[in-house]
Amino acid sequence: MSLIQVKNLSFSYDKKRPVLADITLDLDGRSTAIVGQNGAGKTTFVKLLKGLLKPDFGEIHIGKTSVKEATVASLARKVGLVFQNPDEQIFKGTVRDEVMFGALNLGQDKETAETRAREALERVGLGHLSETNPQDLSLSEKKRVSIASVVAMDPEIIIFDEPTIAQDHAGKEQIKHLIRGLQEQNKLVMTIIHDMDFVAECFERTLVFNEGKLLMDGLTRDVFSRQDVLHQAHLEPPSVTQLGKKLGFAETFLTVKELVSGLRNGGNR
Amino acid sequence: MKQIIVDGLKYRYPGAETLALHDVSFEISKGELIGVIGRNLSGKSTLCQSFVGLVPHFYRGAYGGKVIIDGIEVKKSTIREMSRIVGMVFQNPFTQISGSKETVYEEVAFGLENIGVRRSEMIERVEQALEMMDMERYKDRSPFDLSGGQMQRLAIASMIAMKPQVIVLDEPTSQLDPQGAEDVFQAVERLSHEGWTVIVVEHKLEKIAQYADKVLLLDGGRRVDFEIPSKVFSRGDLEKHGVTAPVYTRVCRALDCRMKDSDVYPVTLDAACEVLKKCP
Amino acid sequence: MNSISLYTERDSIIHHIHPTNKVIYIFASILVPILLPSFAVLLGGALFGLILLLIGKVFKRALPMIGFVFLILLTVIIIQGLFHPTNSVLVFTIGPAAFYQEGLLYGLTITLRVMNIVGAFLILVLTTKPSDLVDSLVRRGLSPRFGYVLNSVFQILPQMMVSMKTIMDAQRSRGLETEGGLRVRIKAFLPLIGPVVLNALTHVKERAMALEVRGFHAEGKKTFLYEEKSYIATKPIQWGIWAVIGLAVIGRLMG
């Protein structure tokens, strides 16, 4: 089922140099990673999906709603976007109030919002910090607070911008777990991300952006098997994929587990 | 004689209940590239700041033990004096820009103006630093008009223009894209080749494994290990200390393929490939 | 480049006059009319300012600002013309409104006085790069710390405007309504301004540390990357302005 339809989307900030040129794609329920160099147009793309920017040409439909005609605040019900820098949104005195803010904006009553906030904080592993002042948290905790504040709004589509920044091993595991949980709830999870190892482990589908164009759109495994495409987009395949290739395997490995069993079975070398 | 001696360092931030650093000791020789790893809040940043004197002189708080760099004890010195010996690059490239200069070129000169370097020498040093960080072509740009990776290289250039003996980088690539991170790491490696002592905090362990001479593993403010990368990353209890070994190491561990004539696993792509090809 | 400075790059003699001389000129434009409050002095001063703006090739840039100030001052002239307490000589009437000479002249005097100062100020800001001004002040003994603050205002404010935009997007994304009536906007104020302030505060700490390790508080004499720009006739102009002020003082004492 198609959740987002993008047709011939083009955009430029100054009406001269296009930042995005003629993007057409359909997004369904599969978790999707958006990769590409800085300046490839990834952030602009998700801002357009969210209605924060208006396209020069083309159409975006979220379900039946045309993004052009909806206000940002009304789209907030359907599409949640977690910004890269949590410092650019956090302003409340406690973590719980911060996480409730979005839910309250959507018109939920205080009780529901509180319950949702509590659940969302549990899901990012910060349940014990709900009474803390967010300004006393580390960057990685703040980042997870900002994630929870969007999860608490319970949108159908959640878009992350670099969720793994500043996260250590435990933080990454927590986010991985959250993403899987959201998928099980049948939400569309998308992310802009630079961490290819993380993409390989968590996302079914990958969009490669390069210089404002959609260079490739496919299953993550297929994308990472295309050295030529990755090279053109100045990206490196995940470490595990690189090792598999270097060992002479024809297939593309995405996880340590896959490669290990490939090696055990002798594989296709 | 070792260039850096850390001896029984203990530190607690003002108002904190627990120690940020707990009896940490190790020594570093001139020209070594040291990677510092550990989970968040394990004391990595605090340790970095103790080299340049921000701990304890900027934060104050309770301090015990010694940090001696080039024969100077940090606690008995000042930040001003230490910053001539130790150059530091912070995590957020944006906050390191002085904000008072209009071009990259002027920005690199900022610190040199402050410490009163002669004009002719200043120009020479600025140009050298820009060249080393591959930033010459941006010299007339506004520092704010740079990408994250370029900004971070500007921060490093500004620091090396001051000609410190030791260079400390606190998670310099955490906010950069892979290309930016790779550029910064290559710059760091160049510094190391030029003979500088470099200490770098980093979450990207594949990079540490590739570039570092030694790895310092911290957990809960304590030193867990201080060894060559392959030894540290071959530890069985690594995850208990909040760190995942590089992918290459994990694959080899799963198959129990060790380096030739030793009990450690490979930590880089090339080494892993070689070992796995021979491993039964 | 992103900047809040009004500086307009042109090649003119005025651009090559020392920034401190322009500051002294502002000083003179305030002081002389106070010392010699005659209509001729005021008019002469205002005309002189306009001529300098013309020579500096920035008259066109200055015009809207002068026009704006003049519009405000026009109301002063009207009100004084109607209601000044010493009004006695009627000049003209528009319907029921009667305008008197004393009030009109008084309003005009105020207008010219302000124009004098505005003109002098515009000469400074339109023909001087802010960093050159700060630089020359630091070389003349202004604390480098203070100089840094002045300089950074011109650089960091535009950056704050950029981050304000991101903050707005982030809060709108969480369903915050920012468009609409006054009530809606007041309600949106805190979520928007909160992160700006908090962000600035955390940045201040990090920036302070970064500055500290770059020798910001180093003792001893600071040096400069650039040699001081060469300015024309710095001393003669400086003495010239002082002489005018001096003459005004003498004129006042004698008169």
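Letters A, B and C mark the chains as written, and numbering starts fresh at 1 in each.
Here, contacts are C-beta pairs under 8 Å (C-beta built on N, C-alpha and C of every residue); 3 or more make two chains touch, one makes a residue touch a chain.
For clarity, every value in this text was computed on a predicted model and none was experimentally measured.
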(message) Once you draw an edge for every pair of touching chains, what topology comes out, line, ring, star, complete or other?
(response) complete
(request) Could you tell me between which two chains the number of C-beta pairs in contact is largest? (result) B-C
(request) Round to the nearest whole Å and give the separation of the Cα centres of subunit A and subunit B. (result) 30
(request) Take the average of all CA coordinates in subunit B, do the same for subunit C, and state the distance between these two points in whole angstrom. (result) 45
(message) Nearest whole angstrom, what separates the Cα centre of subunit A from the Cα centre of subunit C?
(response) 47
(request) Report the residues of subunit A in contact with subunit B in the complex, numbered from low to high. (result) 37-39, 138, 140, 165-171, 194, 196-197, 234-236, 238-240, 242-243, 246-247, 256, 259-260, 263-264
(request) Sort out for me which residues of subunit B touch subunit A in the complex. (result) 39-41, 147-149, 171, 174-180, 203, 206, 239, 242-244, 246-248, 250-251, 254-255, 269, 272-273, 276-277
(message) With touch defined as at the start, can you tell me which subunit A residues reach subunit C in the complex?
(response) 47, 50, 52, 71-73, 76-77, 80-81, 83, 85, 87-92, 101-102, 105-106, 135, 149-150, 153
(message) Under the definition above, what is the set of subunit B residues touching subunit C in their complex?
(response) 49, 52, 54, 58, 79-80, 83-84, 86-88, 90, 92, 94-96, 98-102, 105-106, 109-119, 122-123, 126, 142, 144-145, 155, 158-159, 162
(message) If we count contacts the way the header does, which residues on subunit C are in touch with subunit A in the complex?
(response) 163, 166-167, 169-179, 190-191, 194-195, 198-199, 202
